[in-house]
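Presented sequentially are two complexes of chain A, the first with chain B as partner and the second with chain C.
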Partner chain A sequence: MIQTSTEPVIEIQALEKRFGKENVLQGIDLSIEPGQVVGLIGTNGSGKTTLIKCLLGLLRKSGGCSKVFGVDSWDLAELQKSRLGYVSQEFAILPWMKVEAMCDYTGAFYEKWEYHLVRRLLREWNLNGDKRVGALSVGQRQKLAVILAMGHRPELLILDEPVASLDPVARRQFLQSLIEFTEQDKNTILFSTHITSDLERVASHLAMLKQGRIAYFGELESLKDRCKRLRIFSDQPLPKDFAIPGAIHCEINENHALAAIPDFNYETVSQISSRWNVQVQVEDLNLEEIFLELNGIRSETNDAEAN
Partner chain B sequence: MKPQLYQVFRTYWSRPLLIVIGLVSLCLTAGLFYQSQNNDNFSLSPQLKRPGLYKHADSGKWKSFLKDEKLDEIRSLSLHILSPDDNPDLSQLSELESLQIYAPNLTPELLNEIQSLKKLTSLSLLDTGMGVTKTEFEIPEEFFKKLGPQLQELDIIASNRTPFGDIKGVENLENLELLKISGKDMTLESFQAIKRLPRLKYLVIVFSVSLEGEHGKLLLELKNHPTLERIYASWFRSIEDGPASIRMLPLYQLSYSRGKVAGIQLGLFLMLSIMLILFLQLWSLFISPAAIVIPGYAIAHRRAAFVILGGGVFVTVVGLMLTGIAWLPAIAITLIIPTFGAMIALASQSRSGIIRGAGLLLGISIGLIIGGQATLFTGDLLRYGRYYAEFTLGDYPLFTCLLLITQLFVIAIILRRLPNITRRINERYAILPGFSPWDVEKQQRALLSRGSSWRTRLIDFRPRDVQYHQGSMWKQTKLWRLGNPFRPLLFIVGMLGMAGLFLIGSVYGGFYQTAPDFLPSFLALNFLFQTTFVTSIMAAGHWYRRCKHLELETMRPVGRKNLVRQLFLALAIDQSFAIIAGLFFGFFAISLSASRIEADAIYTFVFIFVAAVLWMYAIGTTIFGIKRAWVIWTVDISTCALLLAIIIRIAYEVSGRTKGPIAPYDQFLITTSACTITITAAIVMITFMYRKALQREWG
Partner chain C sequence: MTILPSQFEIHPSSGVPIYRQVIEQVRAFLLGGHLQVGEMLPSVRQMASELGVNPMTISKAYARLEVEGVVERVRGKGMMIKLQTTSGNVKQRQSELSSAVRSAILRGRQLGLSDQQILHVVNKFLKENPQ
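Presenting the complex of A and B:
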């Protein structure tokens, strides 16, 4: 199905969600355009699943606004639901049904169900159609859940940690199918994961959640361009008031220092060099390192580097 | 071990659901001990009919009664004659079918008035003996001759001070089916006259009889009476001392303690709630890997279970004994539910599929029948089965001891095998029960890996059953229903088949000869009643489990409002299959009592049935409106209790106007009020739950 509108597929403004006194989402702003593949990352308890559930109307928001295909998430109707697919983190799908019957059963709810696509994916992902769903392993059930979510070729696919239980082969197959899914029809994907290498492989954009807020949202490559590690060397011990403006953290060890900056530009490098009379080495960070740095965890020890 | 035991007990009171059931248990315990103060007895003998509009009157205000009341609508009357000189004119009561007269003296004039009632079929004569002008209770022969063809039921009550004289001519009542005689003594001639009643079915004797003497001999002659089915006697207990041949008579106890009946019912429910607590907790704990990994896990839980069960048994036995039940039967009655619980648990863990199936079926069937009869129909059971009454009084010590040994044996096995059962549960069941505290996504992997069993094949559907339906509400509801493994029609057919087997089995098993219309009909009725109830509960239970994991399914292309509507409709359809069993129940009841049943009774039955089905549905819908199990249980139990309290209050208010048994008209009034309130409450509840379901977070 080809996206005809340029309006955001997902639009979230100042979204809040409270569970009793706990404020899990604290004013989320997010806008996802058609064709974007957005990876959602964050530490455990940062609110990824809650955000997805609020977005799908599975949880009622405490404040703010959340829309999918221009309709309030809580009031998603048949039309909007038929355009989206969802894979939950914990899926319990009718264990007594056979895999093939489960596919047919799910398909009966949709006007357009791609039986050939489903059969092909079942075959490629080695799922036995005669087996009962309850008899499948956790990974196999996750595969089935992904197939069921894609069977009606949704325009928007929302996946909550879809690859957590998949083996490397299945993960690769899954990512490949996601790439096909977006390349062919310019569909939109929002998926949360802890496996950053997968994100790097398929995501065009990244949304990072930190303590219920969006810490970063933008293009993945842009984040990589902006977030750098600076390795600073000096002939003399660095002074106590040595500081790098805008650094997430800066660790000084006698005559060398290590710093991570989220908004890198070469002007900063020249400023540091000239002011402190030091040599500055700029290093790229991979997504996992960026994630760790942005969450206040050093991605590399200074001692190890020194050696 | 003590800290470990303490930790085990902590797992019990940390679950709100168990606390709710625990509170119910406490209420039942309080009720059980309260019943021990109840000294009331209720009559087990058949009562005289009081059809249609029932009125009370006394001779002092007779003229105003005749003026104020619509006399042609009165079909039943209770009349008090205040003075021997009063002679009320009854001829205007042309539709009167049932008459109770309380008179100081049965004067010839009064008897003449009674004879003038052409439609009278049921007569109760109570001579209060206050207008003492004679020394014996006498009714002239002519009186019975004249009433002969029309009277079907007769109750003659002489005062305690007045011995019976002759009641000659009773044998002229050629259509009399029920005869009740109460008084100080009775002449042999009158007794012989009774023997000659051609259609007598029930004889109720409330006077002393010397079993060794002439009365005994005459009684024995009743053994050959062609139509006599039962003799209810006030001296029932003394037959043990009489000649052995007297026990050949169809003798039944006249009355039984209300406290004992209520005690037995409450005791059984108390044990049921305790077993429920143990089952929910043990199952959910034993299914966790900790049950295998932690050393001594099962031992600590077994001790905790033993303490709880032992405490429950002790309290129940004491409560039952306080109501007057002998100690041995009290223990046996208390252990009924634990024994069946253990039987079902043992059978379900057997390695043999046949034993598993058979044991489970047997356990459930016996549990349903005995448990159901003992809890819901104890009064009826006592009315027909004298052995039951004797059993509760401790008359069969050997039988009771054997029963107890069997019960203790089964319970001991289950306690001993608890570690093995734990391991088997762990190996075979990865799924947790609906009310488990563990939040896991494990499924019945091991169970379903074995391939298709006949059960799973039975619920498989054909691909053509799951075609896209183009937005049809009805077909989409059918789709939702197909997602549940519960097939109500199959279940009903199975249960009805079992009811039929019980019916045939009891007819050909010899019960029929000893209890003509008791066991077959009773078993079948009970079975059908419980099938209706169980089907409703099972449907709601399956939907509750489905709703717990409906997150993914709610993302199918259905709007929130339609989704909720379809779910409500799906539950209604599933529960509506219970109506099939209910209809069988109704037709069976009607066919059994075709000669006596009236249109009013059928309407009342339909009304009760509609109210009951609607209420079952209403409490079923709580699973959609409420997420947490313990809240569902609390709401269901408390609303049921509230409704029951309101109905009891109404019944008390209505029946409070009369003394003695509730008149049919008042019964009708109580029933219609109760049904109307139930239907209204059900509609309110359904509406409320529908609104709550619309706001439910499915994630």
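Presenting the complex of A and C:
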């Protein structure tokens, strides 16, 4: 077996960022290893973009430590920058340039540039190389930004809401190229998004930002294994002191209760059912529902009322 | 006859982790006789790119199937079907069964059946399907 180095690509410890009196990042700890595809989610204003900008040295941190490829974010040099690709939300372009010229222009900044890959992606994503960049739609610009970020075959891709303006077809193509990108074992991706179904396809890990801290970081699939909804039925009205240890929330409605728990196992369920003499049904939650639950919003829509 | 990635039906947003969906469907193909001993599963790469999911997720599913003894890693070729259904130790196979039994028992409780009455039904089916 080949011994692989597991030195993290991204290492963040107790990272803080303040804007005036506002503490946007309040002690972020996050370590991302080679090969991981990490989805960064969080409500609007939770600090996703600030985190990414501090990580890339585009914003100066207020405290803590942040490293990319083992180098302090503020001191990233050409060598490290040539190993990473970044797509920001506000993508600066030269409107008078044609798409293909824009690609060549960007390529000139890099020692190695994959003209073939770039042309293929332009073709696959239906971007006309002769069109002026200024005439592109928001979605098309976003596609171009992603292609430009991949042209030098980086090992690390950092994408700040890359798909927000893409139509479903383009999003699927984008995901496909991310999957292709991850076929290189050591390639790493960090991307923020609100589209949880995209994350469910491509992410291996999930980092959830909440109030300036990481509320969850871990394997996406194990999060789904652990975070469940319990539906509880009882013959009699449930007692006043009925409670489920560790539940994110628990809603009691006479004979029924509905709870979301972050750390599911069958033992808990049998304990609940024997202690309170109730029946317990376990339901799977998808990422969107988990996200809502962890942010304190009940994910379940009441079908009975809707009908 | 081999299985193609397109024969898998993966729902990324269903709440069931994708690797579990893959595992369950491989098992179903086996039980249904669509996969025979000696046949190969599609490669991780094929699966990931055709189903549009992370390759690590497919690897994880395959690794689990390997641990359970359902498939065997063949150098340079991929994953080969090793065993037909009966695999893993008794404990593993019991845990495999437990979710089906649980929901059956919950249903029985909802119908207001006693322990004895539920066991009666279970025993009836055990008799109908001897070892």
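Assorted remarks:
Going forward, the second predicted complex is superposed on the first by the 292 of 307 C-alpha atoms of A that agree within 3 Å, B and C clash if a C-alpha of one lies under 4 Å from a C-alpha of the other, contacts with A are read in each partner's own complex, and residues count from 1 in each chain.
Basically, a residue touches a chain if its C-beta (ideal position, glycine included) is under 8 Å from a C-beta of that chain, and two chains touch if they have at least 3 such contacts.
Everything numeric here is computed off the predicted structure, so don't read it as measured data.
Of the two partner chains placed around the shared chain by superposition, chain B is the only one that A:K53 touches, whereas chain C remains out of contact.
When the shared chain is aligned, no partner comes close enough to touch A:I12: not chain B, not chain C. For chain A, the partner with contacts to more residues, out of chain B and chain C, is B.
In the superposition on chain A, A:A257 contacts neither chain B nor chain C. Using the contact criterion defined above for the overlaid structures, shared-chain residue A:L159 touches neither chain B nor chain C, since it reaches no partner. When the two structures are aligned on the shared chain, A:M150 is found in touch with neither chain B nor chain C. In the overlay built on the shared chain, the residue A:V37 is in contact with chain C alone; chain B does not reach it. Once the two complexes are overlaid on the shared chain, A:L209 sits clear of chain B and of chain C alike. Chain A contributes residues 53, 56-60, 74-79, 81-82, 84-86, 88, 90-98, 101, 104-111, 113, 132-138, 141, 145 to its touches with chain B in the complex.
For chain B in complex with chain A, the residues that touch the partner chain are 431, 441, 443-445, 447-449, 452, 456, 459-461, 463, 466-471, 476, 479, 482-483, 485, 548-549, 551-552, 554-560, 562, 695, 697-699. If you check the complex, the residues on chain A that touch chain C are 35, 37, 172, 175-176, 179-180, 182-183, 196-197, 200-204, 220-222, 224-225, 233, 266, 279-281, 283-289.
Those residues of chain C that touch chain A in the complex are listed here as 12-20, 45, 48-49, 52-57, 60, 98, 102, 106, 109-110.
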